[in-house]
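Note that the chains take the letters A, B, C and D in the order they are written out, and that residue 1 is the start of every chain.
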Amino acid sequence: MRRVQIVGATGYGGLGILELLLAHPEFEVTSLVARDAAGQRIDEVYPHLTGRCALTVQTADDAQVGSGADVVVFATPDRVSQGYAKALADAGVPFIDYSGDFRFGSTADYALYAARHPSIKDGTHEADALLGRAAYGVSELFADRIAQAAIVGNPGCFAIGIILGLAPLFADGLVADGAVSIASLSGSSGAGKKPAPLQHLSHLNDNVVPYRVLTHQHVIEAELTLGRLGAAGGATLDFVPHVIGATRGILSTMHARLTRPSSREALLERYREYFAGQPFVRVLDVPPMLKGQAGSNYCDISLVTSEDGRRVVVMSSIDNLMKGQSGSAMQNLNIMFGLDQAAGLDRTPLYP
Amino acid sequence: MRRVQIVGATGYGGLGILELLLAHPEFEVTSLVARDAAGQRIDEVYPHLTGRCALTVQTADDAQVGSGADVVVFATPDRVSQGYAKALADAGVPFIDYSGDFRFGSTADYALYAARHPSIKDGTHEADALLGRAAYGVSELFADRIAQAAIVGNPGCFAIGIILGLAPLFADGLVADGAVSIASLSGSSGAGKKPAPLQHLSHLNDNVVPYRVLTHQHVIEAELTLGRLGAAGGATLDFVPHVIGATRGILSTMHARLTRPSSREALLERYREYFAGQPFVRVLDVPPMLKGQAGSNYCDISLVTSEDGRRVVVMSSIDNLMKGQSGSAMQNLNIMFGLDQAAGLDRTPLYP
Amino acid sequence: MRRVQIVGATGYGGLGILELLLAHPEFEVTSLVARDAAGQRIDEVYPHLTGRCALTVQTADDAQVGSGADVVVFATPDRVSQGYAKALADAGVPFIDYSGDFRFGSTADYALYAARHPSIKDGTHEADALLGRAAYGVSELFADRIAQAAIVGNPGCFAIGIILGLAPLFADGLVADGAVSIASLSGSSGAGKKPAPLQHLSHLNDNVVPYRVLTHQHVIEAELTLGRLGAAGGATLDFVPHVIGATRGILSTMHARLTRPSSREALLERYREYFAGQPFVRVLDVPPMLKGQAGSNYCDISLVTSEDGRRVVVMSSIDNLMKGQSGSAMQNLNIMFGLDQAAGLDRTPLYP
Amino acid sequence: MRRVQIVGATGYGGLGILELLLAHPEFEVTSLVARDAAGQRIDEVYPHLTGRCALTVQTADDAQVGSGADVVVFATPDRVSQGYAKALADAGVPFIDYSGDFRFGSTADYALYAARHPSIKDGTHEADALLGRAAYGVSELFADRIAQAAIVGNPGCFAIGIILGLAPLFADGLVADGAVSIASLSGSSGAGKKPAPLQHLSHLNDNVVPYRVLTHQHVIEAELTLGRLGAAGGATLDFVPHVIGATRGILSTMHARLTRPSSREALLERYREYFAGQPFVRVLDVPPMLKGQAGSNYCDISLVTSEDGRRVVVMSSIDNLMKGQSGSAMQNLNIMFGLDQAAGLDRTPLYP
């Protein structure tokens, strides 16, 4: 059994990976670290865990980060893991980080992201020497790198759905001007469990709220990734995130012009070929729906072309807390340890 | 035009009375007072007010409480209005208060309430000499007192629906042992707009959370009121509030044993007689539903008896922000100023 | 008092105009016609109307369409009003129709729409001779025509928000290639009250479902209208409707490239100028939100430009049952009868 | 591998057991039978099953009921399984039924239920000779009988939560007069996937609708079961079901007077003792919440006593499609085949 320490264990991201690891045949969770709720049992913090996990939450001081663990999962905000990275690298303890800290292979790329991030004031990276050794955790595109890496930067929740939805088009050089217009709809859990006016049920229930229009930081990793795939020559994503009155899910509707006319059937076939063998990408004949992946690690994708075949609408949908966060992390952990990618992730979506 | 000052103008309660007053032919709002957002225009705080109200929020220091007003509405938490009460009484400025500060006619009654209230540490009342001069603002029961009073204690949101739903039974001495078992379901807006873990959409969406089981403070005013009506000889209400994943509404389902057998038809007829002429109580043949009063001041009531006629289930439903708060306040203001009770309140519920 | 007959009175569209007319100082509803529920009182069909309206629903046979009415409102599906149109025109009874029957000024335009409509098999129009005499009911663009017309084709719920959101850009010739990519989110009430698998709460709750991707019929009226405004030279709208787990509202997020660079500030100023004096269009500094217009007739609009000023995102939001249906109908009735456009429509959105 | 045939496979109940069986190490699903959608693949009916199950739905004619199966699950309405029961019994094929057909051990008991059921006109049972051989499928109370039985009547969704919540009190003779007042809140999925006005999102969203007040048929099985436990001397349950705007879950709030005073602590301890060793009953210190069991087979229970210890409020909560339906069926199948009760059911609730 591989021993896992979860840092940031009391947020939704920590909870998610904890639940997956509890049900995984090859991993065990040995310590939970968090600022909030230190000293409480995790099933007091989350009563739905009663009977499933009774570990006590510890501070980072009490449970030394990396100590006694074969791998650490940082389910923490930006700029946390980079402070521990060098020590862990020196100690030979691999880790996955949920934030943007290790999603970028160079300080230049990271700076583009940091400049967009609402809570990063200073774009210098504390562990920039390690950026080149980290893998970006889109399991479907970079499994080889992830398998070799001791540091994995888990993708942003919006980014993963956009990247998977557009990868075949960019790889084939099919996106005119590399330009895509994107409207993404996210459940409220994407912002974490911290109370905030936007997350108040009375405000968000029955509501749709566009925010950070054309300025959201997740678009950077998607642009950098898609723009460098195969025949792509850069990507410009006009991205409009919306938070909606639902708990889970991100559905992205993406419009592009094509460099050469195509048909829906041809493109769907190309998508199926591109993702052949990937356990968690499903190319559907019908549009995906937001809750069609709830509780599972699937990314569902479909598309429609205009009558003249010159324009395309691609739709992708994920559970933002699974494929958009903990599910991808679990998949990446499996890859890092040479296990079946789908181990511990073989789950039917919860519907209705 | 009567001039109204709203204290606590930026909460849901302040917003509610502001909107009602803006549409009222006989009142004008002359100042908005609040701690939060002082210096902002109210339509910056609430963009849905754009084009409808551009008043600037002031602190209690900048806009002296009571100054230039014919009446003050305190849409504030417990223990705020009692600090201003004596000065206002001395100045001859009447006021309505949303909190429990003036719902009780004696220090003894208030003490019962204060002891139950989660945020009242010390049950002494700063303006206890004025308690006897205040009216409890259940418009349907105490209109005469309200019309005479310079101080009105607006009822609690749970209490008003319970009181109206049970008043005919208690008045007629029909409730065995004065005992009623109550399950009430409240939308999240009842707790106000302040972000909190319980109000987080990801937590509350699709959820029902019982809380303060048998200990909620609103039951005190309901017990004291019902237990003293007509042939009643006290009331014991076993009250279980639940917050649910909806924005508005309180529906209460209330079980009682009857002192003498009756039928559904006979009781419905008695209810219709009891509430005859009341513009905002509707006795329905079918069970009321939570959103059947949304945006309106109605209290909808219906009931069912057991086959043997010895037990009854009464259901009442209101919009907690209207009849449960601002609507009752508007109705009471109308009564205080000798206007038609329904002035400014003639609204069809928003359905669907 | 002008006498109004509502045909299709038991659907959400009939209910909406009934409620508005009940509160209107210059109109009275004299008969309700519907296939369903004939013989029932309308407050039995909709208990929330108890105490507000007790008219009995009649069949079209029992209450002759147009009889005893100064105006008829057809809140009916496509192909109903066109069957009554000639008789009403001959009798000099004006009418408004909610469907696509009279939104188009020519048989050619109507044929484009009919070909797209999922339930229209045969695109011939029973009253094509009257098409040229009908006005398209976008109050903000065609008030002069509406004021003169005896037939008004009320706009589609998606179309009105898209048209108002894009009109200033098209009128100024600012939309490159006339091409706009649109993602629209609609509450479930847009599909009416008829039960259907898509509308089942267990399916739609917490869900977002794209449908009729690039094939929805509402886009035709928007393309024809926008493409002919001012300096516009046609419009191509790639339109993706989504139904979401909310009751009311349509929010549209629209991406376009600009023919000449501009700034957010300049465009917002142009929008404010364009809509100056319009009582129901609000140009906001912040993105509109889906429920910011609930229960009101407002269309809220805002926009953001890309850093280089070459691309724009416009967002518009309405209550689909108000500005998207009954509210526009009420506004058009006011215009037809020479009344203040806002009569009976002066309502603050219901928030939270 | 035990071979399972599911009859009624396209409803929520059939879907639920299908998903559980797909993930179960000891069972395989060999045929899906349903009236609707015969000839379609189940992942066309439910796209979220893409990649997980591609069985084709067959009619009862094409796939003979019971043929080639070690056990049949009837996820069908009342009066279906009783028509197949004798043939299956003769053939030695055991079955579980979701309806009320085999929940009662005698024709007398069944008649009480049938008289209450809104869609049963004639209370005669087609296979009454088999009633005495069937077990009532409350796994926690009747595991021994279930293990022996070839026919199991799976409990009603409301009944199971009520029975588990009250069993310790009735068994100990603690319920005064055997009388309990119950308010139960159910998500919409309890009524199945068939579209209906009550299930329309526009109606039910943000709503709570009491229905069948004091007349719901599920109360019969709960009264008969509880009233015969241990020291109980009959049960009278005043039951008010409410459907709410959520997909899953049933939370019941139950008020009773106690025959002898007790404390919360003492009763909680008794509950923990009573359910010791039961894998799916969790006695919590805090009130359970509706979505605290989503996707899992848990029944969470807690309680509060009045200050004088003479009255109690018990709250129980389940996922109505799991413990309230397919989860109990899976647990009963495990018991019938001598497997670990929890096999295939070891799932953490989906939260948030």
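Here, a contact is a pair of C-beta atoms (placed from the backbone, for glycine too) under 8 Å apart; a residue touches a chain by one contact, two chains touch by 3 or more.
These numbers were taken from a predicted model, which means no experiment stands behind them.
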Check: Between chain pairs B-C and A-C, which one is joined by a greater number of C-beta pairs in contact?
Finding: A-C
Checklist line | Remotest chain, chain C as reference, centres from CA atoms | finding: D
Check: Which rotation angle, from 0 to 180°, best lines up the CA atoms of chain C with chain D, given as a multiple of 5?
Finding: 180
Item checked: Separation of mean Cα positions, chain D and chain C [Å, integer] -> 46
Check: Distance-wise, how many Å sit between the C-alpha centres of chain A and chain C, to the nearest whole number?
Finding: 39
Checklist line | Gap in Å, rounded to a whole number, between the CA centres of chain C and chain B | finding: 37
Notebook entry, point to check: Tell me, which residues of chain A touch at least two other chains?
Noted result: 12, 187, 189, 193, 202-203, 205-206, 245-248, 289, 294, 352
Checklist line | Residues on chain A engaged by chain C in the complex (per definition of touch) | finding: 181, 183, 185, 187, 202-203, 206-211, 213-214, 238, 240, 242, 244-249, 251, 253, 255, 287-291, 294, 304-307, 311, 313, 315, 317, 352
Next item on the list: Would you pull the chain B residues touching chain A in the complex into a rising list?
Entry: 12, 187-189, 193, 195-197, 199-206, 245-247
Note to self: Taking the touch rule as given, give the residues of chain D at its contact with chain A in the complex, in rising order.
What the structure shows: 12, 15, 19, 22-23, 46-52, 189, 193, 205-206, 247-248, 282, 284, 286, 289, 292-295, 298, 300, 321, 346, 348-352
